[in-house]
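As written, the chains take the letters A, B, C and D, and residue 1 is the first residue of each chain.
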Amino acid sequence: MIEENDRILLCGRKREYFVTAGEGRFSTDKGILELSELVGKNAGDEIKTHLGDPFRIKIPRPTDFFSYAKRTGAPMLPKDIGLVIAYTGMNHKDRVLDAGTGSAIAAIYFGGIAESVVTWEQREEFASVCRKNINDAGLCNVEVKTGDVLEEKGVFDIVHHDLTITPEHIVHAFECLKPGGYLAAYTPFLEHTFTVIDTAEDLFTEVVCHETIGRELTRTKRGTRPSTRVCHSGYITVCRK
Amino acid sequence: MIEENDRILLCGRKREYFVTAGEGRFSTDKGILELSELVGKNAGDEIKTHLGDPFRIKIPRPTDFFSYAKRTGAPMLPKDIGLVIAYTGMNHKDRVLDAGTGSAIAAIYFGGIAESVVTWEQREEFASVCRKNINDAGLCNVEVKTGDVLEEKGVFDIVHHDLTITPEHIVHAFECLKPGGYLAAYTPFLEHTFTVIDTAEDLFTEVVCHETIGRELTRTKRGTRPSTRVCHSGYITVCRK
Amino acid sequence: MIEENDRILLCGRKREYFVTAGEGRFSTDKGILELSELVGKNAGDEIKTHLGDPFRIKIPRPTDFFSYAKRTGAPMLPKDIGLVIAYTGMNHKDRVLDAGTGSAIAAIYFGGIAESVVTWEQREEFASVCRKNINDAGLCNVEVKTGDVLEEKGVFDIVHHDLTITPEHIVHAFECLKPGGYLAAYTPFLEHTFTVIDTAEDLFTEVVCHETIGRELTRTKRGTRPSTRVCHSGYITVCRK
Amino acid sequence: MIEENDRILLCGRKREYFVTAGEGRFSTDKGILELSELVGKNAGDEIKTHLGDPFRIKIPRPTDFFSYAKRTGAPMLPKDIGLVIAYTGMNHKDRVLDAGTGSAIAAIYFGGIAESVVTWEQREEFASVCRKNINDAGLCNVEVKTGDVLEEKGVFDIVHHDLTITPEHIVHAFECLKPGGYLAAYTPFLEHTFTVIDTAEDLFTEVVCHETIGRELTRTKRGTRPSTRVCHSGYITVCRK
């Protein structure tokens, strides 16, 4: 049941709005919605604008935060977040260390899976956006710390890095990890990827660097074909302690 | 702390063994291990063979079940399981429907993330392997049902299909899903992929078909290059209700 | 030595111009050039604008026609033209049948390699652009025919199709080919690709369908990485008689 | 018309043989062939074994030399040779410099297209295999030189390198090229690719590094899908003078 301040997706025939349940009104292309009407409703229920147009309620999922959360830069793509989850086997028993938080999209995904997440963001102005996004996602198990991740002293099952990486980050990650735990380092450039591999190979028992090329298959009346756009996003190096 | 019947990874200098804590002995290339010594120990502890060679204890993760679980056929690759998790935003609030179970690798990944998983396997002899693998993974929230998934009457946040798909499976998935929920259908062949897209487009609000090409970057003394092996595994069509 | 009416590339410090040697003047960002000065010069020579700015002469190559020829639609990409050449082993002994001509980029590449090329373009207004482009490329061994390629009665070493393909095109290509000759059919959509494969497999001794994903590696001060843009262009099915 | 010593492909129902027209006999799975019978025949004609089984005559094309020529190592793949041809716009007016020759597969392709090819192979024992393969291909415009390509003093439209490359090779290639000409350097490893790009960018007007991922689409009764094997072969850096 929806409570005050919950983030909600409202889906009309053509448009979708990301709103907050509670006080206030919201103007759509089909008329005005009273946001207080959302409180007490559930996924699948409808509310109507003052013109009688219906909007169906969806409870946002991590995928929606990728689309609607406030961004501080380009976040990791879901396909790359999925690779980190899969190649580390992230699960509800895990304590996860994440840096740098960025828009907190990865932290929101991880917070929905792991027991707890500690995420470090160096820039105070970014960290406040992170906290807002994580709060919107309704996650209580994600802690945003401001500063340098190298100050972290905790013990973790998984360390995830999406920052300008140095050998110190690899050594620190190794020290933070439980035996059998994983470091997953995301690096868009080959040079940083080489830094990760070269440093990790002397420390970890297993180091594998993955690259994925993702395409969409488009199917229209003209025919079916891979979309002409493909993203190189980055390399993900997965290292096991 | 390790209990009797827990599955454990024992890591020697060059070899790794997947054993069960409790009664019995286990022969390695470095001598014999008493498996009862594992009980009460923790990740990172060591036990020694009768020849004094140490083996370090790791608690297995979903990634290890991909490597060590008994297989009934080719399981989905971790990269594809990761895509399903990411593009559906799977998290600890979710009830997941999974079919067909196969070796239960996907079900083990999902069980470590979601609130609960119901997984359907048509062949009784496969289902018993699934139950064994899921039990080894220590998961209590995954139920294996034997029979045709179309008999399932529950309500779910996510439906995942890895079977020879028909339009009926798509319609049934739609009916099982909560508003805002996702179907993710894995299909190795284009013809089945077309079936999924064509049926789903009349039902779901959003249908996107993904293909990923995964490569490893290999780095040796000779130089760095993408590995010459690449896997087409299959298409993943993600449909939102 | 450059003759009147030869097409010429003029390369300034930042800009390149595609001009015709002979009468007339040409305005650049650096002043005016007298095009009659080009006649009698050679690749590598310079001419100057009325302001004294030098432009170096290059003799255009097929790659330049891809950039500068007048287009009637999206031409085949060089990487795909290269695949056709390589998988058919196109060489100076070959008689090549090409359809549809489009902007004649493929025909210009083939004309520079083969003994002769016959290329069919259905639309008269396109055919006249083709003839102009082929003439600009200085090729005397490429004949543009207007109409339906199925009317062609000649015998060829290679047939190349880049048009909306039907089973009749495949059967006709088989009939036109010498024993040991090749059909290469370019199809952007899977449905047309299936038509090619299914029809060809009953006729030809060897049918292989290729897809290539082309990426550029970009190297800047920030680092090296694959460009984030990748093109699916189409499938090339190569069939040997 | 086939002459004595011409290389010929003989195609039976299931097998193909690469033979030399002229004296001698050749044993097949279907009986013995008299190779002198080939002289005077043409592509498409048949000869029969002593058991009466027919074999159809094909005149070998560059693609056949990729399959049947004697190899001294792994040759460049046709897709990569095609890229070199396409991105340099190789044609019958071109003088081409090629190094190292290897099995001469690239030199055979280039010789069938360009006016002339000079190809350098460092190892004398490899060079003799090259000469044999080029002779089998019936090419009179390809000269094999033994030694270090840096000794070459000629002027060329295209330089193609498939060897362990150094900055000296790039500088030398630049010096050998006509204005507007192209260097295409094939490098399997990233480190060598970086050497090419970094050296070339200070000399050439245009430097683009290409990578292609080639897949086959397989179509069987089970369905259609990309083949699960994909080759990273190497990077091709194309530099224009």
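In this section, a contact is a pair of C-beta atoms (placed from the backbone, for glycine too) under 8 Å apart; a residue touches a chain by one contact, two chains touch by 3 or more.
Chain by chain, the UniProt names read as follows: A, B, C, D = tRNA methyltransferase complex GCD14 subunit.
Please read all numbers here as calculations on a predicted model, not as lab measurements.
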{"item": "Most remote chain, CA-based centroid, reference being chain C", "value": "B"}
{"item": "Centroid spacing, where centroids are CA-atom means, of chain A and chain B in whole angstrom", "value": "21"}
{"item": "Inter-centroid spacing, chain D versus chain A (mean Cα positions, whole Å)", "value": "49"}
{"item": "Junction residues of chain A, two or more chains touched", "value": "190, 213, 215, 224, 226"}
{"item": "Those chain pairs that satisfy the touch definition", "value": "A-B, A-C, B-D, C-D"}
{"item": "Chain C partner contacts - residues on chain A that touch it in the complex", "value": "188-192, 213, 215, 222-234"}
{"item": "Sites on chain A touched by chain B in the complex", "value": "9, 11, 43-44, 56-59, 61-64, 78-79, 81-93, 109, 112-113, 178-180, 182, 190, 193-194, 197-198, 205, 208-219, 224, 226, 235"}
